[in-house]
Amino acid sequence: MSTFEKRNIISMRDFTKDEILHVLEVAKVMDEEPSKYAHALEGKILATLFFEPSTRTRLSFESAMLRLGGGTMGFADPGSSSSKKGESLSDSIKIVESYADVIAMRHPVEGSARLASEIADIPILNAGDGSNQHPSQTFLDLYTIQQEKGTLEGLKVGFMGDLKYGRTVHSLANALGQFGCELLFVSPKGLEMPSDSLEELARMGGKFKEFENFEEAKGDLDILYVTRIQRERFGDDLDYDKVREGYNISKKFLEGCSPDLRILHPLPRVDELSAEVDETPHALYFRQAANGIPTRMALIALVMGMVS
Amino acid sequence: MSTFEKRNIISMRDFTKDEILHVLEVAKVMDEEPSKYAHALEGKILATLFFEPSTRTRLSFESAMLRLGGGTMGFADPGSSSSKKGESLSDSIKIVESYADVIAMRHPVEGSARLASEIADIPILNAGDGSNQHPSQTFLDLYTIQQEKGTLEGLKVGFMGDLKYGRTVHSLANALGQFGCELLFVSPKGLEMPSDSLEELARMGGKFKEFENFEEAKGDLDILYVTRIQRERFGDDLDYDKVREGYNISKKFLEGCSPDLRILHPLPRVDELSAEVDETPHALYFRQAANGIPTRMALIALVMGMVS
Amino acid sequence: MSTFEKRNIISMRDFTKDEILHVLEVAKVMDEEPSKYAHALEGKILATLFFEPSTRTRLSFESAMLRLGGGTMGFADPGSSSSKKGESLSDSIKIVESYADVIAMRHPVEGSARLASEIADIPILNAGDGSNQHPSQTFLDLYTIQQEKGTLEGLKVGFMGDLKYGRTVHSLANALGQFGCELLFVSPKGLEMPSDSLEELARMGGKFKEFENFEEAKGDLDILYVTRIQRERFGDDLDYDKVREGYNISKKFLEGCSPDLRILHPLPRVDELSAEVDETPHALYFRQAANGIPTRMALIALVMGMVS
């Protein structure tokens, strides 16, 4: 396992199974003994460059940095950044790297985080590049599953909703495939997992099945990962309304599931996941969001060389 | 008096007279010995969630937190928050409470701060919920009057301007009524104090009178609290212009007032309070704004259990 | 030399040659021994009031403050400030000065920083007031030249691009004139240095010449300072396109220049300075941007009385 110091966190593909497990181990330390690292990054600066707004992700990174004793600065919106004046991303990064010690960046264009990492001498944390990668989300999803189930090995994990455009789904499925999980994909017609994702899963010997509705899949799932289905994906509102019905998780909908089933959702949710589920033992999504802090603390501390 | 630790600051109605006086006492300590608490909240995070912009109030809360040694993060504008994606306030709060230790929140909808406080396990500081409550403003108004006059008991306090929609007026008037002040309300027709506010004052034995112009009221006022009259409240620009004339405080306007009269204004002001008044001994409004810092330091420190 | 404590940084005209050199000396200390001042401003607050967006400048000031151990707060955009409600600049400043210890302010109106400094009791750092002054930029330009060339005396410095509206050009040229540099101005017709700037240079005995194209000027330049030519300055797109060709710095363009020529640019650049120049030894503009940190650390530390 190569050291994490000065590494970039761009894509899950850059990490071996052992490296992933190491990040989760450090996240656990941050979770259980946060005060141990309360001054670890004193005097250091995280720049949050959000060329596309994402309040939750930005605040999660900033909170993680503050919990490590560091300072933060940045922008929440492209509207107030120099890129509006026509500046190239490359120039923006070259300048900000002389102001900060680590950058968390979100950008609407796929591959932009990789480009930034090739330019900058300081670590880049990809906070989402278009529909491509959002690795800190995948790390926190994995951490949440591991903490809840005690392992990542051999679980039965369902994915439900828009599996075509769901960036978090693709890299989480890929990672869980590596850990020998059995994957069940439930999606409406036209929003299935992309064929290249499935082929890759097959190549690595991953077990998976596709379904059009949840009833057939629910069996004894350990985890159900839900994503939002956006109206914009449908040409016709009637089609959307028809689909939505079958992808609206309520208490009734969960009848017959294992009592140990845990539901994850990257949030924000709209109506694909009813608020009445919140009080059931199935709801794990707020815990999942909270796990963003120790996970991002781990990532920042690792690339800054404060833990190894 | 119940402890302040973990309490929410939602509405003045939640506080007894003794509790109000206790907050003002702590504010005085913060004012006179700020360095004593310079590290009190080290490692703690204040989230400022402004679903509606209010630069002054936001910066005042952030400054208070920084003066206590804590860190801050948040958003200044709904434009860059997840609520734009249709997320419920309840979800937003559940997530942010896992990122921060205390939340200062402003929201255009009445009752939203109370709702947030019922959801969150960390303290909520209401920084204004629609036309309803803005308790930290009332605390700083009371602190300012108390510091200037040496007491809150038995003063003669005028309120002038838009008394119908002025949120700060309603809760300040109510609080001063409890302290036995005599209240004089001066407002144009149609912008009088709401009848339910007056009835409540009457029920608690408060002394008050209503006036249509300042001349009759000025007598020996100790305090004059001025609020802005907004053009939008009038259907007709002519009506607005006519009213404005009588509600434009200038040096001339103040002739015949007591030399000890002090003027407060929640700011920002436009033309209801002439800049020439700034150099007179009557002007207390910039001092009032400055008092936002020790008052908010007190509120944060109290609910965080750093002082009792 | 008068002390810097409590001084405002509004215009280069407020500083003698000796004072300028002193700021650069302190900047060098901040550059070489940043850790020496890592806690210098603990507990102090910088307010960044950007009534006009400028991400680079704002982040540079915030980074400088964080590097000195202080805290920051402010706004990036007039959209979320009280000035939208019609508040006067004077009122905004009077209030913020009671929240912070030093203010860095950018405003679209010339003279606004001076006005603010006359109102505030805390130091004002002008981060750009309209087309007028941007002194921290001039200090960092001077620091960059001095560090690279070992001196500010007697250099041969070219300025190229829009010299009429280029705020940074005017004050840098003026300062370099004081240090006995020879100045060469290269600009398209209609965008020449303003005649009052040239007259002032002449009065102080400065040496300068004007050119319409770079070929005649390049001789043995030590420094070339490039600024952007904006399309908006031309009534006709054809004129703009014609001009742009001659003002587009590429490797080829630089043939025949001294190998010791160094290029500066206040950034952001668009296409007036080709990315291929970045890898040449001529490129000094990213170093220049990085020098914003020690220079602004020096300015903040000086006006806060932490160094003398």
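First chain written, first letter: the chains are A, B and C, and each begins at residue 1.
Heads up, the rule we're going with is that contacts are C-beta pairs under 8 Å (C-beta built on N, C-alpha and C of every residue); 3 or more make two chains touch, one makes a residue touch a chain.
Nothing here was measured: the structure is a model prediction, and the numbers come from that model.
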(message) Give me the set of chains touching subunit A intersected with the set touching subunit B.
(response) C
(request) With over half of the numbers shared counting as same, classify the subunit B/subunit C interface as same or different. (result) different
(request) Determine how many degrees of rotation, between 0 and 180 and to the nearest 5, align the Cα atoms of subunit A with the equivalent atoms in subunit C. (result) 120
(request) Measure off the straight-line distance from the CA centroid of subunit B to the CA centroid of subunit C, and report it in whole Å. (result) 41
(message) Residues of subunit A that contact two or more other chains, please.
(response) none
(request) Sort out for me which residues of subunit B touch subunit A in the complex. (result) 43, 45, 47, 71, 73-75, 79-82, 84-88, 90-91, 94-96, 98-100
(request) Spell out the residues on subunit C that touch subunit A in their complex, using ranges where they run on. (result) 35, 38, 53-56, 59-60, 62-63, 66-67, 69, 72, 76-77, 267-270, 275, 286, 289-290, 292-293
